[in-house]
Every structure is written in structure tokens, then in C-alpha cells.
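Here's a structure for you.
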């Protein structure tokens, strides 16, 4: 199984969820994060003082999927999260050794 | 070593912490997250308009443990986080290559 | 590639970012978390009742780096995040199978 | 009472006319009772003052003739009248804070700082425009006229002795009313409108649109002179006016991004409801000054009794609006909706504003209660019409304003107030005339702004939130948004 | 002063009696000084008014007889008295916002919207119930009686000339007091009580329980007639009454889930302390109207001086409560606890409310300071007793209310106020009688509700928070909770 | 008007002098008009009262002699004057809540509870100190003197009949002014100062520093007697005084950690801007009492007209300050800065405070507008000087206070007010004398505190936030910080 971590623009969440649902990805966990990358934030002025906003608000999505679904999931995210503008985000794929559903104790792919 | 990611119901945090302490798990990192899964959220009415709340508030717990402790930790979480109701959450186990304690620079199991 | 998860003290964020920039680490994702470890929180009194604050606010930093950069990155974090006091935090290194830049679709090291 | 009511529109006229209220009431009253020969010499006015006070007092409750009661001295009456304007004006001014809190609480966090800025700016612009144009447009008009002079106002206490109150205190009181009307607009159009275009509209609304329609009635223009239209404290002149301007704006501006996406309503919950509750309480407080101060005089026993009765009716209408909205939302949605209940309080208040003096308590309760019904039912209807009113300003201020104005003759009519009293016909004329005028002009102004400066921020900016885009800051920078 | 105080309970009676205050005071005073033959004819009353004013004035400070000072005209005095009710009533009404903010700030975020709804509802229900039942229960009672008539109130200014103020203004002023008592309950029982059961209790409290006990004293019932019980503005009649009702509710309802789990106290910190601070300031502001308006008259120099002195004593007691709570929490806990300091301000205010007129400043300071002590020490004691009072309403309103009532004779006694002045005995009778009555009836009502509709939400609902469960929304939907 | 203004400094003196205002004005005025033979017997004073009222009234607007207008009775005038103090005092008291909200909104969340505590404490300490020391220091001073007696104040209405108002009401009104000055300091020094050291300073400021400088002018000390310095409601005496004390504190205390790190300014955005907006509205409301009440009398037609005019000028100056700050920030920074706009409102208010009565509206607008300019430009300048003023108190209160005081002679000068009117020279003397005194003493006190108790929390504590360190709690414990 794979554990996919995607950092996306907040306003893209619904599209991404929709795309993943299409693949039958049954669940996900979403976290608010602040991102830093090529998109270097921007300058603001507060009470006459200019300052740099380094971090940009992003959403981090975590999805555990069966290995064979991983590529499809990644593509679905890329497709739905892209705006073409800098700061669209990144997807990271990690190996997932085990998954357990707390309610039933099911493990492995059944737990997803 | 293993890196355990568990998504649980917020009100279960104390029980889970207790259970893990019992095992001598020395630390954990907790994040507020919003979850989406079988538990499909619920309908609400706001100013006369019905709408779907897709995401349910959850807590994500991350614990790094020595490999031999992993199963015990997973079981402890399952035991303490279960309410039997849908939405109890999931546990994901990843492989942990290295751990470092910032304060001392200790690495590996000693760092946990 | 490696996926580095570091839990640090909030006030150390700028130093850490500076140190990593020095290494040419191009991006990172930051999450507010609550931590629990050796640093056992502290006692507070509210309206005459004493209580234990178990969790300490921390920041979690996630960085994806090419494998050869991993050690340097870890050392940079250790160097910049250390205050010597308990609660300085931990660094966890996981294996990263794949990375994708949403905007361009680039994969692997190019995506970082 | 009879005596005063016998004046019909005339008394209405006095109610808000710059030179109405205070002493001048006395001769007018006396005249009306004494079959109308005008009294000119100041001397006789003074006499009449005492006399009329006695007459009024004599009519309060059932008691033996009390002509023997000494009136307030002329100075005391003058100070009482002035004090009523100042104290009432202060709490009405504070309504600006009420609108600010209500609106800041009902918008999303990313637009909360901008709506606060707008509320501060609206109050400030209104003050300046009423000085530069508004006041003389309202009260400089000749009787029965259509349009007053365009003329900067300046402090001038000449004639203030005849009026029986300080001209400055009256200006202050009228000014805060204009600000109120403008505040109504900001809430309805929140979260998507361009700051400066909005402020230009507010300048026109407070400097020209509001004053012209107000002059027709409170300035003793044609509406007052010919139709005996009655709007004691401004259900139509203030609240509906604000509501019509907001409606025109909402139509031209369009709904917030995604609000009606896919044909369904997507609620965008208010970000800080305790703040919205505070705003409602502040508005409620201000309304005592809004309606009570509109008695325009406090120098006689009769006026004091009237102001006190107005306080009660105002309060009871709001209470009824709240309880009604609670019950209705519980029944319809199985849950009480706090935001609708807050609208219900305001709906009750607006409903009683056209006539807070004449109704008996149970009538005030029913009038306010129906205001609560209107708000509860109208909010979703607007959504169905895809009219996006962020804070429910249109149901509460426009619809309830109409309702309150229509129902005036129920308590204030020929049988309770003698001939010359307001009629349903006259009320409808006023509602339609003012509604048509304000809506039409507002629509034109909004369209003109739309095709020149533009009134709507870019979609990506709307997504980011106006605070970041227009102000470059956040209302709550440290609280991470869920 | 002497002269007036000589009236002892009688003056007390006038203090709050519907037909007290204003002009009627004058003859009473005159009578008392002139060994009591009643004066009936209005004429003489008018004369007496001037005379008494002179007498009063003559006693203020040490100066040559000032009988020559012209009294206010009858109309002016009438307007002054009415104005005092209206302006004071407005700020007391605003206390509803103060309670709302204080309570919303001290509950957890998941219950903040619900507590706001409750506060809006409480004020509304109180207004309606005082109209339907309350007012006539309080003031319709015959002297020395136990129970007034069950009768809807209606505006009636007959007799208002004898009273010297508008009956409507008095109704408004009395109504907001009832609302205050009810607001006290909502805070103590927050975060776990069912909305509608709570509101039913509030209706009974404001329509029946409060009015009956108030009638005993302010209605000139048995307590006033036989025991010379003195409670100037309501330490016992308003604040303890609210406190007793809250205590009964807290006992029947039980503590919040987990509050006393494992025999230890688990604090549940307030979610928005700046909002709680705002609430305290609003309450403080309202208290000037609460105590100052309870002088019930402003038509004479002596009354004006009394109201002004009341403002000072009220303020100083609160200042002392704050400073004392700060010092105590610093000493005991090594840290100043803001929430206890806010309670300290209220504790000081409640403590001075039973007698804000007679104490010298240093006495007011000590009275308020001890209120701060009570609050600081009582909050943890309640926790030890496992009585879960979310906002500290019971220490501040009940305990300090008792303290304030007991200490009245320190400043208002035979030596300072002549025979007929309040006595410790009389004060205790009042405290016990009212306490027993309010607590007992409240307990019965709470139990009845518990075993019928139920008063407590389901545990899982309590965990979720009342906002989601009872309102289907969140107070701060966008701020992620830590 | 002329007549009164002819009194020049004398009238100033009456403006704030404990025994000024009210009746005493009449003889003074009469005297001044009648070339100054003092009138002692009360009888003549009464006569003069009526006469003067007539004269005043006669000068308001252009109308035939109105000597025939009946004055208020002595009692009515007394009650009017007292009522002005009480009602104005109430809204000024509420300014404490305004400062609390403004400051809580502009600090970071981790210090919000502490700043609220400080604001509650500041108001409380001020009340106690004005009682223990302050009031008699201000008003016990002999004419032309430098230092008044150190003496606890007690209620004493002797002489209150000559003054024409209740001494207690005056004390209350003066007390809330002192609290205002102290509130200014808390904002500037927020987020880093030790709680108890701060409170000790506040005790000295409100008990000694403020009273001494105030006595020089409002106490009729040397500044008033010799230089005809004019400061109607306290641009210098209240606002600059608070500002100087804050500046001295900011210099000794140093900037917040990291504020100027690396030679660059690192903004620390306010955590709750809607709360800051609320605070500004509350301050604006309070300012009507602040300036209007400083007329000190409401018993004559002329006084009523003056208070009303003051309301208008006060409001227009604030409106202008807001609009100016909006325009300037838009032009300079391409974005409107809400926090600067809020400062702009206060800057406008402070600017008009030294002379809110004499300017014509357009003058008030310009005076306030320039206040907005000052604030907008001064905020970044202070940063460049590395003076860390968290809420912008120094630009708004100190700089605008100086501006407002300097500009007094523009509207209040020999040509508008006859000889004896304020002069630029006299104004500068007052500004410098008070500035030097307050700044010097404050500096000494701050330094003394620094080298004894210490005034600054430890760096790690500052990083953690004062709420956790000094109060052991959080202002918003549930909202996770971003």
C-alpha cells in the first residue's frame, strides 16, 4: 500500500476530493499547513512597515491507497489540483507497511 | 523503527495517551485534522439552507516506536480508540529509517 | 529521496528555515502540532483549580530532499533547532518513493 | 392626545421637521384645538407653551383637569428637548458599532477586517455628506416641495428659540439616522464589493438619495403635505431606504462566488457569532434612542409619557421578534438558528419603528412578532431567488420596514387619532414612492459604478478574501482557519 | 437627609414602589417631618414639593437656610424623574449584552453560540413575562400583603401626576431588573442544559418567582411593612434571587462531564477572555443605571446629589473588588487570574447594591473589597463541593448579594438615619425569607422539568457541544480548535 | 458668546474648576459684561442666573432681545448640570472598555488577556487614587499655585448650591478623565512590561503626576492664571499627558523582542481587528461625553447650544480623521490600513478636544483631518526611531494632543472671543510646561522601577506571551495559533 501526501491550494480541496472519489478512494485526512517553496510568499505593509510573508496557507491531504491505485490517485490529484500558477503544490508518495481500521480491527487493504 | 500515524476521534485522545504510556511509549505528536471516510459527515441547516458537512474533526497522532514495540502500540491504540461507531479512525504504519533527538543529537532508538 | 519530519519549538522556525535555505532546500511544509514527550508540560491554576497541561505547542516541519542531502538537512535542523533545553524536539527520516510537482508534473528529484 | 393627533399629517410634519417639536408644538396644538388661528408673536407662544402643556397633561390618564400643573420654564423645556436629541443621538451613533459587530460576525473571517473598515468609513462619510448636502436637502425644502436646496449646512441657532431646541442637537440626531441607513447596505453587499466603489455609493446615498426622499416626508415635502403619510421614526424613510439601496446593489453585484453553485445554496457560516450577538444587543440599545428620540420633544409631561411608551413598544416588538424567530426556526428546521433569531430581533425593531407610540403593548407584540415571521421566511426565499444578502439586511430592514409602515393605521387611524390620521392608502403611496425612487436611483448609480470603476473584486481576490487584497492584512492573523 | 431617613422602611418602600419616588416623596417627607398627617389634595402636594425640595436642599452640606431656592416646576420634576428611569433603564438593558459577552467568553467555544442565544432569549422572555404577569404581581400587591394579582399590565398614566413620573418609564426600569436576575442563571448552568427547558424555567422565574419575592419588599408587601428590610437596588431581590435560582439549577443539573472526574477538578478554560472583559465593563457601566436609577427620582437637588453619590460608591466598590481579587489571586496562586478579577468587579458591584447611598466612600471601598474576597475564596470552594458554576455567578451574585444586604445597617442605621432604619435582624429575615422561597420554588421547578422534559443534553451531545447539537452551527466555525 | 469669551482664561478656569460651571457662571458672566464687580450674596446670584441666561440666549443667532425668556429654576439648572456630569461621565467611563478592546485587538493573542487585565486594573487604580490623592491635588490648589494639598477626598455638597451642580457628580466626571489618561499608557507598553511595575506607575500617574499638571490649569493654578492657556477638554492635560508618560515608558522599556531585529521593522499584526474596531467605536461614543460634558453646564439655553455644537465638532473631526487616514494609506501604501484608520479616528478626536466649541464645522473638519495626517505619518516614523508603540498611542494621543492645543487660537482668539482669549504663546507655554513635567517625572519613575523591581519580563517569557507567564492562562486557549 502507499501513503500519499499532497500539499495543495486550499481552494482546490473540493475538486481533489471529487477526483479521488471518482477513483473510489474511500477516505482522506486533511490538515491545514503553511507552505514554503518556489512561491516565496509576498510583501505586505502593516502600519507603514513592509514585511515578507514567507509562508502561504496550504492544505495537506493524506490518503492511504492500495499500491495499484497509487498512480491513478497521484494523477487524479495532479489533474484536479493544478491551476498552472506557481504554488500548486507537491505530491509525495511513501510506502505504507500496514493499515488498521480501528472500529473493526481489519488490516491491510481491507482497512482502507 | 516504525512511524505510526493514527487518526482518532478527538475525545479519545486521553485514553489513547494513557494506553501508550502504559507501554512506555515516551512521546507523541498530535495534530488537528479533518477527516473524510465512511463516516460521511452530516447535513446541517444554516439560515434555511441545508448543506452537507463532509469533513469530521479528528486528531492525528504520530508516534515513532522501536519496531518491536509497533504491534503493541497499534493494539493499544485500537483498544483505546475504539467506540464501535463509524468514524473511529485508522492507523497507518510506516517504516522509519532514522530518528534524532535534537537536544542531544542521539539517534536511532535512543532518540525515541 | 527522503522525507524528513522534524518537530521543533515554535520560536525556532526562522532559524531552521534559514539553515535549510543555506543548504539549498527549496521548500518545506509547516504544521502546528501539540507535542508530548520528556517535556511533560506543566501545572497551571485556573480559577483556583490546579491542572496539568500535558501538551506543549510545537511546529512540525516536513521536507522532502534528495537522499544525498538528507544528512546535511538533518544536521542543519539539529544545529538550528537546538536550545539545549528539554523539549527541543525530534527529527524523523522516512523513505520517499516518489515526488511530483503538481504545476508541471515533474517527478522525482526535479520535483523537489 | 386627541388634540395632538387631530393635527394628523401636521403633527407628523412636526415630528421630524427641523423646526418642529419643542415649543412650536404648543401653539400648533393649541391652534388645532382652538380651531387653528396661527399664533405668531413669541409672547403668545410662551403662553401657549404653558397652556398646551397643561392641556396635554390633562389628557394623560383619567384625572381631574390639571391645568393647574406648572409647565417647565421655557429654558427647561428647551434643555429637555435638546437633551433628548443628544442622548438619543449618542445611542443611535453607537448603532454604527452594532452594525459593525453584527456584520463582522456574520461574514467569513477573511473579510471581517474589511467589513469593519467599511462600517467605520460609512459612518464617517455619512457625517460629512449630511453636513455638505444632506441636511439642507431634507429640511431646506419648501412645504409640499419635491427637492430642497443643495447647500452646505452650518450651525445657526437663529429660530432655535421658537423651535424650542438647539438646531445643532437636531442636526446631530438627523445625521446619525442617515448613517444608519447606509450601514444597512454594507452588510448585504459584504465579501465581494470593491471598497472605494462602495464608498462612492455611500456618499451618494447619504448626501443625495436619502435626503431627497426624507425631505418629502420629514422635510414636509409633497408626500407629507398631500398624503398624510406617517413614518414616525423611519421604517420606510431609514430602513427600507437602506434596504432598497442594498437590494439594488445585490442585484447588480451578484452573489458571492460559489454561493449558489450547481443550483444549490452553499451556506457560508458567519465566522464569529458571539460578535454578531453583541452587535444585535447594541442595535437594540440604540433603537431606544432611534424611536424614543423621534418624539422630538421632552419638555412636557405628555412628551415624557410618549417617550416612555415608545421605549416599551420598541422593546416588546423586539422581544416578540426574537421569540417568534426562535419558535419558527425550531419548528421548521428542528433547530434554533441563532443568526435568524438575531435577524428576528432587528425585524421586530424595524417593524415597530413606523409607529412606536400609538400601539397598545399587545399590538406592538404582534407587530414585532410578525416581523420575526417575515425575517424567518424571507431569508431562504432570497436565497432561492439567488439574491445573496450576507447578513439578512433586506428581510430585516426592507421587508419589515414595509410591513411596519403598512400596519401604522391599525393603531394610528381616524378612530384612535381623529380625522387627518394616516390611512392605508397614504401609507402605500409613501412606500411605493420612496421605494421606486430609492431603488431606481440606486440601481442607476450601481450600474454606473459597475461600468466605470467596477464594483466587484476579481474572483481570485474574492477567494483570497478582501482583507488580504484590499487591506493587506488579516482580521485574525493568528487563528488558523479550519 | 435625617428627615428623609426618618421614614425608615417607608422611604425604602417609596424607593421601589410603583407609586413611590418623584413628587409623592415630598409630602411623605414633609409629613414625616411634620409628624405624619397625610396630605391628600394635589394642591398641597405641589406646595409640599417645593417646600420639601427646599428642606432637602437645606440639609445638603452646611449652609444657611436655602428655603429660598426655587424648586423645579412640577413638569420639570416629572420629566427629570422620567428621564432618570429611561436613561438608567437603557444602560441596565445593555447589561444583557454584558452578561452575554461575559458568559460567551467564559464558556468553551463549542457552546458559545448557544449561550449567546440564551442571553438574547432570556432578555426577550423576561420582557414578555413582566408584561403578562410580573409587574402587577410586584406592584399590584396590597401593602403588607403576600401575593399580588395575576394580571396583564397595560400602559396607564392615571395617577402618574401624583407619582411625579411616567408609569411607562417605571415599568421599563423595573422590567430590565427582572431580565438581569434571569441572566445570572444562564451563566451558571451553561454548556450542559437543554435550551427549551432552560427557557421554561426563565419564564417562570421572571413571570412568577422574582415578582412574588420582589412584591414583598418593593411592592410594599409584608417584608417591607413588618421588618423594615432594606435593599436599595437589589443585592438580595435581584442578584441573590438570580443566584439562588442558579444554585438550585446547578444542584439538579449536575456538573459538566469530566469537570470533577477522578475526584479532581478539571478546569475548562474560557474560550475568549477579551470578550469576558468586555462583558464585565458593560455590566459595570450598566450598574450606574442599576443603582443610580434606583434612587427613583431626580427632580430635587437632594435627589441629584444622591444619584451622584450612588455613582461614586458604586464605582469605588467595584474598583476595590478588582484590586482585592488581583492581590489575593497573586498571593494565593502566585499569578493573577483574570477571570477571578472580573468576578471581583461584579462581586464588588453586587455588594454595594443593597445600599449604595448611605456609605461614605471608605465604607463603600471596604464593602466592595470584601466582595472581592468572597468571590476569590468562594470559587474554589464551590468546586470542592462539586457545584459546577461555569462563570462564577453564584459567588458573585448570591454570596456577595447576601453580604451586601447584611452590611446595610453598618451605614444605614438608627444613628445615621434615625429610628425606623434597617436592622441586622430585619436584614436577616429578608435574606432568609427570600432565599428560602426562591431556592425552594426553583428547586421544585427544576425537578419538575428534569422528570418531564429533561434538563440535560445527552453526554455525547455535551461532548460535541451545544452549538452543533441545539443550533446546528458553530460560534467560530473557521477557527480550528486546539 | 462674546460676553462669555471675554472672560478668556477666567472662563477656561470655570470650565474645569471644581467650583466652576453652573450658576457661578452667571454672575461671572454678568460681572464680566458689567465690568467685573464681584457678586457675593446668593440672592443676586439667582437673579444674575436668569439675567445671564437671557443674555446668553439673546446672543444665540440673530433675534430680538429675548430677556423675556424664563430661565430654568435654580433646582432645574442644578439638576441639568449634575445630569450632564453623570451621563457624560458614564460614557467616558465606558471608554475604559474602548481602550481595552482596541488594545486587546492590536496585541498578539498571547498577550491579549494580560492587556485586558491591565485595562480593568488601570480603571480601578485610577478611581482609588483620584479619591485618595488626585482630586484634592487638582482642585484644592489655590489660584495661581503650583501644588495642591495631599488630602483624601470625601463627599461634601457644601457650596454645591453656589456651584450649581452636585460636587459628587463633578468628582465622578473628573475621575473618569484621569482613568482615560492612564489607559493610554497601557497600550503603548503592551506585550513586554511587568504587570505590577506597570500598575505602580499607573498609581503614581493617576494619583500625583496627572493631578499636579491638571491643577495648574483646570485647578486654576499658575498656568491658567498667568498664561491664559486654554485646553477645553484635555488634548494636553489628558491625552498628551498620557502620551508623554507612554513615551517615557517606551524609551525606558525598549521595543518588543525582534521588533527591530536586523535593522528592519518586523510588524506584529494585531490578533483581533474587529475587536479593535469595536474599541474605536466605543471611544468615539465616549468622546461625546468627554468633550460635551466638559462644557460643565447644561442649565441655560446657551449651554445646551454649546454642548450640541461640541457634539457636532467632535464628530466631524473624527469623521475627517478617518477619511484622511483612509485616503493617505491608500495613496502611500496602495492599500487602506484598517489599524491606521482606527488611529485616525482617535487622532481626529484628540485634535478637536482642546477646543471643540469655538470652531466652525469646516474648521473642525480640517483640525481632525490633520490629526489623521499626523497619525498616518507618525506611526512609521516612531518605528524608524525604534520606539515601539504597540497600538499607536503616542501619535494619536501625544502628537495630536499637541496639534489640537496649538490650533486653539485659530478659532478661539481675540477677534472671535475678545481680549483675554488664548494665544499661541500661551498655548506653547502650556504644552511645554506640562510636557516637560510629565515626561521628566515619568522618566524618573520608570527608571526607578527599572532598577528596583524591574519593568521588563524575561525574554523567554516575552516569547511565551504574558498571558501564560503572568496570568497562567490564554486569552483564546482553543484557537490554534498560526
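A few notes on this one:
The chains carry the letters A, B, C, D, E and F, assigned in the order they are written, with residues numbered from 1 in each.
Throughout what follows, a contact is a pair of C-beta atoms (placed from the backbone, for glycine too) under 8 Å apart; a residue touches a chain by one contact, two chains touch by 3 or more.
From a predicted model like this one, the values you see are computed outputs, not experimental measurements.
Think of each touching pair as a link: the shortest run of links from chain C to chain D has 2 of them. The angle of the rotation carrying chain E onto chain F, fitted on C-alpha atoms and rounded to the nearest 5, is 120°. In whole angstrom, the spacing between the mean C-alpha positions of chain D and chain E is 32. Between the Cα centres of chain A and chain B there is a gap of 18 Å. Measuring from the averaged C-alpha position of chain A to that of chain E gives a distance of 56 Å.
For chain A, residues touching at least two other chains, in rising order: 31-32, 34, 44-46, 94-95. Touching of two or more other chains is recorded for residues 72-73, 76, 83, 87, 269, 272, 278, 333, 335, 337, 339, 472-473, 476, 479-482 of chain E.
Pairs of chains in mutual contact: A-B, A-C, A-D, A-F, B-C, B-D, B-E, C-E, C-F, D-E, D-F, E-F. Of all the residues in chain D, the ones that touch chain F in their complex are 42-43, 46, 72-76, 78-79, 82-83, 85-87, 89-90, 93-94, 96-97, 100-101, 104-105, 112-114, 116-117, 119-121, 123-125, 127-128, 131, 153-161, 166-169, 171-172, 175, 195-196, 272, 275, 278, 470-481.
Contact residues of chain B toward chain D in the complex are 34, 44-51. Partner chain B is touched in their complex by these residues of chain A: 3, 17, 26-31, 62, 64, 94-103, 105, 111-112. Those residues of chain E lying in contact with chain C across their complex are 264-267, 269, 332-333, 335, 337, 339-340, 376, 379-380, 383, 392, 482. Those residues of chain F whose C-beta lies close enough to touch chain D in the complex are 53, 57, 60-63, 66, 68-73, 76, 80, 83, 87, 91, 108-109, 269-274, 277-278, 280-282, 284-285, 288-289, 292, 298-301, 303-305, 307-309, 311-312, 315-316, 318-320, 322-323, 326, 330, 333, 335-339, 341-342, 345, 360-361, 365, 476, 479-482.
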